[in-house]
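Dropping the structures in below, format is structure tokens.
Okay, so subunit A shows up in both of these, paired with subunit B first and subunit C after.
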Partner chain A sequence: MKTQTQTILVVVKYLALIGAIGFSIECGSQIISVIVSYFKPEVASKFYKISPKLYELRSFDIRYFGFAMALTIWFSATKAYIWYYIFDFLNKLSLKNPFTVEIATKVQKISYFLFELWVVAVIGNEFIGFVSKESSIDLVNHFNHEEYFFMAGIVYIISQIFKRGVEIQEENELTV
Partner chain B sequence: MKNYSIFNITKALVNIHFFLSVISFLVLLFFSFFKEEEIPQKDGKLLNLQGKYVSVNADWDVVKDFTFKNSDKISPAYYLEKRKETGMLYIRSNERVAIMIIIQNLLTFALYILIAYFLKEIFNSANEEKIFTIKNAHRIRNIGLALIFGGFLNLLHGFFLSDYVREIIMEFGKMKFQTSFFVFGPQNSFFLGFLLLALSQVFKRGVEIQEENELTV
Partner chain C sequence: MQTQTQKILDFLRIVAWIAFIGSIILFMINIATFIVGFLAPDSKMTFSETNIKLSGLRKEHLKEYIFAFSFLLTVAFLNVQVWKNVRDVLQKISLESPFSMEIAKILEKIGYYLISIWAVGFLADGYFDYLAKRIEGVERGMDIDFNYLFVAGIVYIISQIFKRGVELQEESDLTV
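Moving on to the complex of A and B:
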């Protein structure tokens, strides 16, 4: 019979998988949209999770468009990877011995990925701010960044607790 | 004894964060009641909105030259104002939706403080060299639940507002609202909430194993 712990972990594991698939579709749609834009720009702007304003930017300056799209794709690809990483982490998690250095390091890595997401979003926002000044195209709020910094912080804090726990456990074992 | 400098720095930051959250909550409460908010009108006069309107950040695709008809009235139920970076939706404070927004904002900020408090408590419990306790597992679980609840509040906030201003939405299409106090969008709130729920379960299992080991010794 499954315990409550196992049930919650399985549910979260599959939620992570759904998230990974969702963001992969978003990322794929953005990549295909960029490719299609070279043949049929009017069709490319109608793809899933594509802001039509990005295509206004294309007609303004193709280099700006290229950079904005690269950041957008990187952003959604990182999100997809984080979700997949969590799925993989929960898939390989052994409940017989959950407090290992490996687990603590993996939790810490999730916080680093979230921090990376924040850095990309900050660069994206700065770039969009610059583009808004150069042109009349308003892409504000294309990247939300504050939340990723906070998320990275919380996960990092939890990872520190895990690390400290592992260290205490190791010290206890040595004492025994 | 190993060097726990990173842990101690993080602990200090978590404690500072908690006290800053409480102080900023009090400051925000103070300003939401007493600050003067004046909006320039077309005739050049300033409309003082102190205590009369609740403002919500809104992001929408506005046709540039469009002027919102109801903003010409002296005291409309709601009106939109186009700003450079984002739009602002003003709702008269005696409207039911405005009261709900105030309650939701207060609740979300209370959740934010609760999260900061639980984090502080977890770190302070580490002083006693016993970090793997069922209390800490519950604290991590509670942070996760608070985030999920915050996500729901955020969803409700968007739902009620969209319903309230559906007339405008029907004209402009999609409209995105931001809650004033909670940094997370619903999607990320659920993401982090569920992740912490999973981690709390791992933590709980660790506590059980530790208790079993102690019994064996």
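Moving on to the complex of A and C:
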């Protein structure tokens, strides 16, 4: 018999896949937009998930634009990767015993990725703050970042609980 | 001998306590801001940024003021709940068997709280946007989008994995 948790895990697996695809599209659109912008800047600003403000920045200074775009793409690429990672992880989960060091390490890795997102977002925000001052183009809230630090912390805590659990389990097995 | 994970967990326990107390203080500040603003609309007391944003509402739009604050208070309250549960889970992990249904349930609860923070934030965001259109001097919302849901979802997924692990363990205990 399937338990409720099993059903939820299957649903969640496909949601993770949708998330991965969604963020890949976002990332792909941003990359294409940068490429197109070299030929036709006015078309490029109409792409999906592109802030038209970024193209104001392009006409202001192309180096700033390049850097802001690089960060934006990196940001969405990491998000896409996290979701692919989770999908992959859930795909392989149908093991007999989920409490292994391997899985604990994977959960921990997710928290590192989230932390990375936070770092990128902070750098991005600082940079945009600087650019806004210089060029008076308002790009505030381009990177939302508070939530990533918070979530990275919670996921990290859970991963440590996982790890500790695995350790205790291994100790118990040794003593028996 | 203490393993590295144990040391990290000890440290995280303190962090969770600090975050818990911090979130309570934040909640209190929000309540205090609300009450002070309610009773003495002319006072220039500024506890937090939200006060400045909303103080303009108090005089002419009392209903909206209460409504807007109730969103903020709910989010702050849910934050307290999240950290309370994180603290609980870290306190209970020092038991013999960490993979118990109890812990899995608490983790699941954290996931639900995070998702409800997103839901409330999303509603509040829409409400602020609506206010900003109708009333002058109100800033637009906090731009909470689906990203937050996605990150909150990660915690939920991990909690489900944990739960499934506990179920598997219980099953194998029964068959032995």
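One rule holds in what follows: the second predicted complex is superposed on the first by the 174 of 176 C-alpha atoms of A that agree within 3 Å, B and C clash if a C-alpha of one lies under 4 Å from a C-alpha of the other, contacts with A are read in each partner's own complex, and residues count from 1 in each chain.
Keep in mind that, in the parts below, contacts are C-beta pairs under 8 Å (C-beta built on N, C-alpha and C of every residue); 3 or more make two chains touch, one makes a residue touch a chain.
Being a predicted model, the structure only gives us computed values, none of them experimental.
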item	value
Subunit A as common anchor, with subunit B and subunit C clashing or fitting	clash
First (subunit B), second (subunit C), both or neither touched by A:L90	both
Subunit B versus subunit C as contact partner of A:I154, first or second or both or neither	both
Common ground on subunit A, meaning residues reached by subunit C in one complex and by subunit B in the other	5, 8-9, 12, 15-16, 19, 83, 86, 90, 93, 96-99, 103, 107, 110, 141, 144, 147-148, 151, 154-158, 160-165, 167-169
In the complex with subunit C, residue positions of subunit A that touch it	3, 5-6, 8-9, 12, 15-16, 19, 79, 82-83, 86, 90, 93, 96-99, 103, 107, 110, 114, 141, 144, 147-148, 151, 153-165, 167-169, 172
Subunit A to subunit B touching residues, read off their complex	4-5, 8-9, 11-13, 15-16, 19, 83, 86, 90, 93, 95-99, 103, 107, 110, 140-141, 144, 146-148, 150-151, 154-158, 160-165, 167-169, 176
Subunit A-touching residues of subunit B, taken from the complex the two chains share	2, 4, 6-7, 10, 14, 59, 85-86, 115, 119, 122-123, 126, 129-132, 136, 140, 143, 176, 183-185, 188, 191-192, 194-199, 201-206, 209-210, 217
Touching residues on subunit C, where the partner in the complex is subunit A	3, 5-6, 8-9, 12, 15-16, 19, 82, 86, 89-90, 93, 96-99, 103, 107, 110, 114, 143-145, 147-148, 150-165, 167-169, 172
